[in-house]
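Multiple structures follow.
Same chain, two partners: chain A is paired with chain B first, then with chain C.
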Partner chain A sequence: MKEQEKDFVEETPAAVEGTPLTEAEQAEQDLREKRRKRNAIKARLRNLKGWVYLLPALVLLAAFTLWPIINTLRIAFLNGYNGLAEVGGATFAFGFQNFVNVVNFPDFLVCLRNTLLLTVITVPISTMLALLIAVALNSIKWLKKVYQTIFFLPYVTNAIAIGMVFNAMFGEVLINGTPLSIGIINSILGVFGIEPINWINVGSSTFNNMVVLIIYIVWNALPFKILVLLGGLQNVDKQYYDAAKVDGASRWRVFWRVTVPLLSPMITYVVITGFIGGFKEYTSVVGIFGDSMGAPAAPGSMNTMVGLIYDCIAKNNGGLAAAAALILFLIILVATIINLYVSKKKTHY
Partner chain B sequence: MKVVLEHLTKIFPSRNKKEKNAEVVAVNDFNLEIPDGKLIGLLGPSGCGKSTTLYMISGLQPPTSGKIYFGEDDVTELAAENRGIGLVFQNYALYPHMTVQQNILFPLQNLKGENRLSKEEMLARANEAAKLVQIDEYMNRKPSELSGGQQQRVAIARALVKMPRVLLLDEPLSNLDARLRLQTREEIRRIQRDTGITTIFVTHDQEEAMSISDYIVVMKLGVIMQTGKPQWVYDDPANLFVAKFLGTPPINVFRGRIEGEKLYIGEEAVFETKGAEDQEVYVGIRPEGFVLDERGGLTCSVSGIDVMGRDVSVVSTNENSLNPVIRSIVSADEAGKVSAVGDVKFRLKENKVFIFNKETEARVYFGAQVAAHEAMLSAMKAEGEFYAFHEGPLPREADDASKQTQPEEKKGFTVSVKNFFGKIGAAFRKQPETPAENATAEDTPAESAENAAESADDATQTESEDKE
Partner chain C sequence: MSLNTVNSSTQNAAKGMKEKDVKVVSKRQTVTKVLVQIGLYFFLTIVAIAVIFPFYWMLISSVKTVDEYNLYNPTLWPTEFVWGNFKEAFVGELHLGQLFGNTVLVGVVSTLLSLVVTVLSAYAFARLDFKGKNFLFGAMLATMMIPGELFTVTNYITVVNWLNWKNTFAALIVPFLVSVFYIYLLRQNFMQIPNELYLAAKVDGTSDLKYLWKVMIPLASPTLISITILKMMGAWNSYIWPKLVTSDLAHKLVTVGIREYGFIQDGVTNFPAQMAAVLLVTIPLLIVFILFRKYIMRGVSRSGIKG
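Moving on to the complex of A and B:
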């Protein structure tokens, strides 16, 4: 096989020089030509086989991933796009009207602010907490598995269910419109002499709403981060700690100079995925505040970018939704690039 | 700094909670006084407790019992960071994210209070240490950009930079290739001489230990077998284990006996052993102790001749040899006389032949060896009394392990059996019942042998885990 390939790569010296060919040379060249063609067909068939194997996956990916992406791009740039109208045969002009409309949307700035705030606040907090908990988990022996399970529970619990529980914990429990209890959090705060705070009920401040949401998101983001960091910690060679001990490093220094740098690839990963997840935050708001996306009497005050996209879809305004999705995509892209740029300098692989 | 180990013992508890008695004695009543400013090699097969001993000196592992002194200070209870030791790990444990310079600076940056140096002093000290190990041109590289030998030197620099009282090296050469190993061991020797720091290193490679140590400590199953200058230990091994452990090619061991002050191997009388009592013995003959001689007392059948560089070794067999083949190093001229097949006769050099009692495996001195041994002992005393060897019965793997693994629940079983028999036989027996332990010995010997093998395995496992 190898020899054959060599054959048709090599050019016959006679052909190069352009001298007339003898009969034997001609026959040889014909044979070569034939062989080359046969090989080419064989190679093409082999290629085809590979494509056939890939086909099922490709079809699915094309239908459910690639086409939606392209379609979103297309829709975003069609002024006043409406899905139903398009089916009816309407055509739309190309332009940036959707983007202008989204930006001028009354809720747009609120959504953008909420999304950015939630991400910027929760990612550092949850990463640091996860790191501390992972280090603590790694250094205990007794009940380690039990704690691991406890910390991992939010990961396997339904987000809406958790949201409802949070709602019950922070909010007043109302029966037929009359408050029955002030909620367990306020009860606990009351033990320390703190007046009940209106976390999420009628008239609650945006700040209070945000605090509840942040607690929820941080708690919900912990398990995955702990899992990743704990896995990283278990791979750190114990000898580094022995060496640091012999060298007289304090616990604090060992943490910052040994543990954190050695974990930096994991931390980078957790931060980047955390940022992406943060920008896509949506279910937590629905879970706590319901589909009004805000405290009662202030609907939409806690809305996020993804919430905005859903709102647009609900109003059957696909063009706006697509434009909002593109804007969110750009934000995530920029944030991830910044993340990667920073981590390249700080991460040790 | 003199290092004294007093009755140092380390027992690892059994990991399996059911087998309460399956604990492993890694270091057993270890007594040693390491003189100031010397390079000491702890030598032994894997699982003999040498690394454990090193880690106990370092403070990373607490001893089960016993005391450790640095000079006059009792450091047994002192934490590793306060002992003033430098430790070089087997895999070096250099921080991969720090440059060479940061690695070397790390111990200095940890100093607190009045010990803390100014930044310039730290850099100066780090440079000094780097120069000492000849790594100063790579200060800004990461460990991953260095060769194994260079990493090793960085690790030594990091250990030296805080000016330790004692420098400890765990298998310092095992991760290097053969050529680098030769070079690095000379380097370690040089650095130790330059700094004059008492240095203890651990190795299972006898050649390594012999070549650079001032003194070696040969260990077996957590017990010191013999200590002394490498050449002394080689020339005058105290027991069969030491004789077998030192030397390449290894010593040739034969079954033999002493009868009427004559040494017999098989039916052949090899030579006279004046002053030795009649007994069954093992005869250890160093490869260089054979001389080709027609009138020699030892007959072996030749199976081949190996030429290894300038050495020629005659490979032969003898039915009384414990080694599968006998290797004897002879001069190239003489080797020409040996025919490739057939028998060959050897005369033995008496100072290269060591006789050991078959039971205790302890050395049996005879003839001129008695005086030679005395002379060596007095020479050692004159040099600093760093000599000791194990007296009394030697630890044996099987014995040791079976002692450790008399299982608790089995005892219960035997007791109940005993009670049963006790009740039946009470009428017949007049003497008081023997304690339960006696019954255990009779009880299923096969099983206890199995346990013994298991716990021996366990011992090696624990050891290797410690290293990891």
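Moving on to the complex of A and C:
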């Protein structure tokens, strides 16, 4: 671009003077003209080069990111849309029937209740616990790296596989309805005089199922939160703590008045990502309860919003799935806005 | 004179008192400090045990006999070690070998292709000038806020109904080749490489691709390693999409396979066999974690995304 402009400026005097051009001048001007054209082509090529480098990504994004945004919105408002039928040539009327059907789905309220409960319960527990662990980790000298590594372990595991381990730990081994084994958790609780509890087996209560699920989700959510909060703690300026020490503030007071406010941006971050993750809870349920999404003989009792969406997708009910996905998106959006609003009032930067 | 002595003696007394007090206070402080430290280690150890216990239970259950596992009160240490549970995972109906093969194939191919696409895009955004660059980058970042389920609804229709890719590797690989987050991560890394290097390379007549290959990629290798590991782990752990688009053994991925398989033997769940299979799925992840801890933790702390 710059070179082009220079060429242009150099050219003007000759043109303004209007004197007849000598052969040499003519040749020079031709050369300039050529150079200018070449530069213009170069600039266009450079422009093009950027797009060529991006081409593979753009083609894939258009097909699997941009189109889904448009199409999911479209089919959510096509009554009774069915992907298979559309390929066969069927057309669908515009309307709100899908939303009505989703909300009237027998499982809808159960899924919504489970999703909201799991999110609202697990996010505060895991955030608080992660904060305590991060502060504790930050105040010890020996074995810090070892503890840090251990606490990160749940992150690198397969959510389904470890869910199956939790199932084995809490579950009883039944033969014809009578327990062969009460399971390790019940066995440990027995040491404290607690009778065996039916956590997840046939006939277990929704409450007990929920407790197991919450323990598993918190176990799973800790590593990321500890990592982020510990990172934040390590960047805190030590002089705040020195100042608090001089003032003779108690540890508890320092925690609430210095640590928490200074960490508030990180806390906001883990709470928001925690809420988003909580609303999308699904694999932890599959891990513990399997495909039936509930204790044996009570399929679907632990189902979540995302589970509902996948059920609809698998049955080719694209319209219902799209409507449910949009409802979930709205819930997440509202929750995130509320989170941001609250944190804006409380966050100290 | 006497006044002076009194004065100095009181001063001395005060001094002595102070030193004594300070000693007492500092002694008390060290005691509290030690107690607090003990408390912290106690708390951290309890949590660490709770974190490790599922792994421990998986490990010891996988080497127990079925009879020992099914004791009314399970044992915390196996009285007899057996290795047959692992053999069962490979020779039984589970076909763990085939599942591993499928998963590794999908993981390697999708990671390699994804790296090519990501590097080219990040380079374009970091080094090349073209019209609409900033708008495009902003629009791509904006898509990160949309929950994945919204994409899955249509992608299922596209892949299964329109493209007829049910039970193909393409269905498992193609829709997830581009990750906006990885492009963003690598672009930030590329931007840190000084522009002078690029201009110098231009003066020497080096082509963009050669410069990218010889300078940018080596300098950004830590980020590229992070992306590779996270992408591979993502393939290894993926469940939802593979479950939707595959149903035959030839294309099934390992997580779907072990969850579907009942491990039922004589009407009772064979937990030792199940735990052996679960352990075999978990071990590669733990090995990768031990070897590349630094890269994984760095990638994760910036993303907040799992897999």
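Convention: the second predicted complex is superposed on the first by the 287 of 349 C-alpha atoms of A that agree within 3 Å, B and C clash if a C-alpha of one lies under 4 Å from a C-alpha of the other, contacts with A are read in each partner's own complex, and residues count from 1 in each chain.
Simple rule for what comes next: a contact is a pair of C-beta atoms (placed from the backbone, for glycine too) under 8 Å apart; a residue touches a chain by one contact, two chains touch by 3 or more.
Everything numeric here is computed off the predicted structure, so don't read it as measured data.
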| item | value |
| --- | --- |
| Touched chain A residues, chain B compared with chain C | C |
| Contacts of A:G278 with chain B and chain C, given as first, second, both or neither | neither |
| Touching partner for A:P261 - first (chain B), second (chain C), both, neither | first |
| First (chain B), second (chain C), both or neither touched by A:G294 | neither |
| Which of chain B and chain C A:G232 touches, first, second, both or neither | neither |
| Which of chain B and chain C A:P154 touches, first, second, both or neither | second |
| Contacts of A:A249 with chain B and chain C, given as first, second, both or neither | first |
| Residues of chain A that touch chain C when the two form their complex | 46-51, 53-54, 56-57, 60-61, 63-69, 71-72, 75, 83-84, 86-87, 129, 132-133, 136-137, 139-140, 143, 147, 149-162, 164-166, 168-169, 173-175, 179-184, 187, 190, 219, 222, 224, 227-228, 231, 251, 269, 273, 276-277, 280, 282-283, 286-287, 290-291, 306, 309-310, 313-314, 316, 318, 321-322, 325-326, 328-329, 332 |
| In the complex, chain B residues that touch chain A | 58-60, 79-82, 85-87, 89, 91, 93, 95-98, 106-107, 109-111, 158, 162, 468 |
| Contacting residues of chain C [partner chain A, same complex] | 36-37, 40-41, 43-44, 47-48, 50-55, 57-58, 61, 69-74, 76, 116-118, 120-121, 123-125, 128-131, 133, 136, 140, 143, 146-158, 160-162, 174-178, 180, 183, 208, 233, 236-237, 239-240, 244, 255, 258-260, 267-269, 271, 274-275, 278, 281-282, 285-286, 288-289, 293, 296-297, 300-301, 304, 306 |
| Residues of chain A defined as touching chain B within the complex | 237-240, 242-250, 253, 257-258, 261-262, 264, 348 |
